[in-house]
Amino acid sequence: MKFVKDFRDRELAEKLLAAISREADTSRVYRFMEVCGSHTMAVSRFGLRSLLPKNIELVSGPGCPVCVTPQWEIDAIFEIASREDVTIVTFGDMIRVPGSRGESLQKLRADGADIRIVFSPLDTLKIAEETGKNTVFIGIGFETTAPTAAALAKTAKELGTANVFVAPFCKTVPEVMDVLLADETLEIDGFLCPGHVSVVTGLDIYKAVTAQKRSAVVTGFEPLDILSSVLEMVRQHNKGEYEVKNFYTRAVKNEGNLKAQALLKEVFYQADTDWRGLGRIPKSGLRFRDEYQSVDALAKFGIQETGVTDLKGCKCGDVLKGKMKPSACPMFDNGCTPQNPYGPCMVSSEGSCSAYYKYER
Amino acid sequence: MCLGFPGKLIEMDDFKAVVDIDGTRREVSLMMLPDEVVLGDYVMVHAGFAIAKMDPDEAQKTLEALREFADLLDEEGQL
Amino acid sequence: MKKIGLAEGGGGSATNKFIKELFISRLGNDASEKMPDAAHVETDGRTAFTTDGFVVRPEFFPGGNIGKLAVCGTVNDLAVSGAKAEYLSLGVIIPEGYEAERLEKIVDAIAETAKRAGVKIVCGDTKVVEKGAVDGLFINTAGIGRVVNDWTVFENIKDGDAVILTSDMARHGMSVLLARGELGFEGNIESDCAPLNKMLEALHEYDVHFCRDATRGGVAAVLNEIADGAKKGFLIHEADLPLRQDVGNLCEILGFDPLSVANEGLAVILVSASDASHVIEKLKNFEEGRNACVVGFVNGAGRVILETAVGGRRVVDMPAGELLPRIC
Amino acid sequence: MKKIGLAEGGGGSATNKFIKELFISRLGNDASEKMPDAAHVETDGRTAFTTDGFVVRPEFFPGGNIGKLAVCGTVNDLAVSGAKAEYLSLGVIIPEGYEAERLEKIVDAIAETAKRAGVKIVCGDTKVVEKGAVDGLFINTAGIGRVVNDWTVFENIKDGDAVILTSDMARHGMSVLLARGELGFEGNIESDCAPLNKMLEALHEYDVHFCRDATRGGVAAVLNEIADGAKKGFLIHEADLPLRQDVGNLCEILGFDPLSVANEGLAVILVSASDASHVIEKLKNFEEGRNACVVGFVNGAGRVILETAVGGRRVVDMPAGELLPRIC
Amino acid sequence: MKFVKDFRDRELAEKLLAAISREADTSRVYRFMEVCGSHTMAVSRFGLRSLLPKNIELVSGPGCPVCVTPQWEIDAIFEIASREDVTIVTFGDMIRVPGSRGESLQKLRADGADIRIVFSPLDTLKIAEETGKNTVFIGIGFETTAPTAAALAKTAKELGTANVFVAPFCKTVPEVMDVLLADETLEIDGFLCPGHVSVVTGLDIYKAVTAQKRSAVVTGFEPLDILSSVLEMVRQHNKGEYEVKNFYTRAVKNEGNLKAQALLKEVFYQADTDWRGLGRIPKSGLRFRDEYQSVDALAKFGIQETGVTDLKGCKCGDVLKGKMKPSACPMFDNGCTPQNPYGPCMVSSEGSCSAYYKYER
Amino acid sequence: MCLGFPGKLIEMDDFKAVVDIDGTRREVSLMMLPDEVVLGDYVMVHAGFAIAKMDPDEAQKTLEALREFADLLDEEGQL
């Protein structure tokens, strides 16, 4: 793929690794967080952790949407999915997420629920037309994906489609970063900032990071993107000078995608929402504005926020904050595996626990 | 968080386009794309939407910087 | 447009006519023409026996159809076990109302593939089920053949053995995914579906330590099954994995690991490192083996390790089940 | 209530676990435990090979279930061909959402029946298909066995040969019809579903001219197939036909000819008239053969003629397809 | 079965046959018509024709309801069956009846039509409740079956069921017998009168027969019933004295079943209708009275009588009148077989042509 | 025209009954039956309805007449 292949060059990667080894101070530990689950996946998939010096730790952050969706939202989805007259439309990521009673969309489908996996939220429209049933798109994700859910809602509304609904469970990055930064026990030196979220948001949202003397590098998902960003963060820390950097200039503009930002603002407002493991975070979620009541699955199905009731024994909260490695959770590979996930971090293949299980165990 | 891929625009109207990825094609929506694009341009695709025009100059710059840096290392004999 | 009805499955004259005209005329041979309860065929010594069900949707996809697949799948299972595939059975479950012409095309593909593979279809069965009981055709084939060598013995695998893939990966799975059309992608990926028996039979002059075809679950599943059964490990090199560019790209776009995607014309072969180049050379004599290559080696550890394109290492785990396209 | 999901069919660890825990633990033997691509078994000389698909609804019926049927059907096809049934393959197509416990019961029945028949299930395959693709379980079995005599040769049939039915007629078809419940009748008819191989193997000391089991299409279909294949005729005596009273009554109420109704534990055997009484005696040693009797004889004409209970004669034709209950 | 087994006694049958042989005048031919298709079936099933003397001919009459249903009614059924929102409920007899373009319920079902086979018209109610679709029972038959269709219509109406309909295609025996008797070319000496029709109608309807110096014996369906009736008819002819006889007294009362007669009158009126091969016969069909409009499939689906357009080349008309043996039809076993019926007499297994094909060919 | 069978009444209320035929059972409607019946009686069943009470005396009479006729034939030596 163009824009991809060049950024996987082994020779350059080796040189970056050599530079990192050379420049990293062996007397200290560098802890960098991949905010984005896709960064976590890329790190694992390319085996980058095995290449980095031992004193550079990459920890996974809150950027797997499936992982941070609270139990009550997941249970609400299952409740809707169990209705006879409903078709659920979802990304593949949601299929294996376990509910509080062990159910999942996969199991509900086996029980007869009508559940469709799509690549684009817009595919919902065609499915709704075909089935004639109430068709509910499960909107999860961050600023990258949220506009696509907004686009579906807006299109359905404009078309006057009566049977398309969107479950508004998208979340926003700046607010959760604020929470992480506000945690005094958080031992993170820098953030690999999510490349595609940044395509939409632009760079300003990371100022709070560098203000706290932590590095923030917006970057892509290829080995050279990640390794050069790690090197940059090592250097910033060695120098003690912190600055938001854009290492993904081929896609990310400083101001972000203004059209997508406008779409988000038009359709959603920022509401206090619950994050698995992180609790309720003010203004961190996207709920429908009143004008979009007619496509709001929460309104249609009378879903009530029941608050955070997390899974007993699951340490996702600590894992997401970078306080605990997945393998340190007592359930890891002991009642919680990708085949039979207990906590949501094990479900999404980019969830911290799943990625650890698959590639690092 | 957000898997994306760069696709080449091979068909286009005001609202949607078809992108090609080395022989595989998909329709994508352009409703969220802020940039002017022409056929042959590459866009970053996420969940069926073009979310950004890919900038080949920037990609080139990034790569050149990396290569220069590597050459520098070589010259320094530090590898 | 002629359609198959329940009468064709009722077991009377309509059934006999249907079987004779649609099946026997295309597949017939001495053993099957008189439609005995069981065909009697000549075997000698150890016999390999296998079965597979075929439920692929859509039934027609670039590079093949469910009928071709049904022959290849069973022929390949015989061949990778070290046997010479000889005879096949054919069981077909047909929904009431199925188009006769479509069925004819499928049976034609069965006949053609059996001929190409040099196997005879000596017994069969058809069932017509009520409309609504099933959404299309299901096929089962079983196969028997003469065992030449036993290539299924985990104990024959040695540290240092070379891992050969006879073809590039993931074409079948991605071809069918495209043909299903559900995710909205279009492409030019043809299934690798092919009978491998002639090619694999040519390897009996070498000391093949183990062989298995990488169907559902892909190469990852086979390597993990071997690792599990033989208590051995693998080091595989990503850079050496044969993978067509468009296939690899589509996998990447959807978040699939091509190692976990199904093939229908790819065998994993383990031979001693010293035999590897000869085996590769032999494989490359066959159309189905023209992309054959060594992708790694057996080692003592119990895991399948991939050295990635940039030199990192990661575990290749057993695929967990249904492949799910990811977006996030 | 555990249900089977698509993951169990995806070909990864979930599939392997499912197959090992649900199937191999019940059916396992040396040949199948390591789940090779093909089982390797010992054969010698001529081998009989057959297959059948099983789609019965409901899956459970008085006297058996689809699993028991799947073993009996293939074992019987081997046995009636004159072979000693030895090895079976097992292919199962399972809809997503199928209850695990129900599947276990069916696999238990398979194991039990295989044991009773003295055959080993050495290879298998499972496919899980999307909910809605199919309304229940489909099973395919193929079987191989050693040919002892060839009982499928039409040319061996002689004028004057006695026609033996090994059991009373029409129980399977009427049992399943009752179990379907659609016509509103209730009754106590159990399917005759049984493995006949042990009993039929005992007949190899006699000169059996021909043998076939009367499944779909019933005895009428078998007699017509023979008449057609051998260019012979039959005179059958209605008064001698073994038929349970309730089975016969139900047939009559619905307008069915019991000769056309399916059996799953009934073989039609042709032997010389002089051997008939010895064969009957032997058959009666077996539970499955306790109602065995001579029902008529082969003659030169090309048709199947029934002498009715009042002495009239009529043609027994090949059943035309699906049996339809009549009212008028 | 009680009331059945005794009437199959071989010894008695043989004695009756001997008496028939002895009493039948060898210098003449006796031609008796089985009005009822079930008699035709019984004659065939027990092989009675092979036992009777050559000069006693049994010919099949118009008593197979499937056979006499005109093409337009059959086509109308197929038209209804092809509708998406309809479930057809029918006796098994109708399943293979071919339409004017070669279609049949069997083929329509293979194409996706929802077609259910029942033993009782009342089973329609349960099916209608389960499917919720417009559920149409195909009412065919004579006076025995017509009251059961009437009972369904009445019950559905009383229950207020909105989705149950009955296609009123039942016919009556006296009117068709009148037509047969009016045909001067008809060479029938006597009638085996339908036992179960007579259970409902009683015996009076056969007076017209004996008035014409033809015998009429109401009888059952067992060999002794039929053989004793044949003997009786031979005797009446030999004597030249004609009298309606009831040889089925275990079931048939002289006055018939008054309750069933009342039900028929309440629900249906006698309308002129078309008979395959026999043309339009005044007052020979049962159509719904106005009060039953709400369950009348003709009204619901706007079915128009299009008149008789019979199958080219099919000799059913002559066969039904007893003027032609099935085997004399040029299409018999030559484009028309039970497996692939061209005309309706070949479809119903009690149709004259089918019975001949199966048992007498 | 009309297949029917005699079934024995083994359960009954005002509107419907269950008949038994040597072990096989079916519900039948009584709404068309003109005769008084009690459990143990036989009814002729057609299409799920009892259409007549079967009369065992009449059956007996018919059979006896046939047998007498046969005996007569025997005596006459005409067979």
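Here the chain labels run A, B, C, D, E and F in written order, and each chain numbers its own residues starting at 1.
The rule is simple: a residue touches a chain if its C-beta (ideal position, glycine included) is under 8 Å from a C-beta of that chain, and two chains touch if they have at least 3 such contacts.
Chain identities (UniProt): A, E = Hydrogenase formation protein HypD; B, F = HypC/HybG/HupF family hydrogenase formation chaperone; C, D = Hydrogenase expression/formation protein HypE.
In this text, all values refer to a predicted model and were calculated from it rather than measured experimentally.
Among the remaining chains, those touching chain B and also chain E are C.
Annotation of chain A and chain D: jointly contacted by C, touch as defined at the top.
Of all chains, the one whose CA centroid is most distant from that of chain E is B.
Most remote chain with respect to chain C, judged by CA-atom centres, is F. When every pair of chains is scored by its C-beta contact pairs, the maximum goes to C-D. With centres set at the average Cα position, the gap from chain C to chain E is 57 Å. Distance between chain centres (mean CA atoms), chain E to chain F: 21 Å. Centroids built from CA atoms put chain E at 37 Å from chain D. Residues of chain F in contact with two or more other chains: 1-3, 5, 21-22, 26, 46-48. Each of the following residues of chain E touches two or more other chains: 1, 37-38, 64-65, 91, 106, 119-120, 123, 141, 145, 339, 350. Chain D has residues 5-7, 13-14, 184-185, 249, 252, 255, 320-322, 326-328 in contact with two or more other chains.
Taken together, the chains touch in the following pairs: A-B, A-C, A-D, B-C, C-D, C-E, D-E, D-F, E-F. Within the complex, the chain B residues that touch chain A are 1-6, 8, 21-22, 26, 28-29, 31-34, 42, 44, 46-49, 51-52, 54-56, 58-59, 61-63, 66-67, 69-70, 73-74, 78-79. Residues of chain D touching chain E in their complex: 182-185, 239, 249, 252, 254-255, 257, 306-315, 317, 320-322, 324-328. Residues 178, 184-189, 245-246, 249-250, 252-253, 255, 326-328 of chain C are the ones touching chain B in the complex.
Across the complex, chain C is touched by residues 106-107, 109-112, 339 of chain E. Touching chain C in their complex are the following residues of chain D: 5-16, 34-55, 57, 76-78, 80-83, 87, 89-93, 122-127, 129-130, 132-136, 138, 140, 142-145, 147, 150, 152, 154, 212-213, 215-218, 220-221, 224-225, 229, 260, 262, 318-323.
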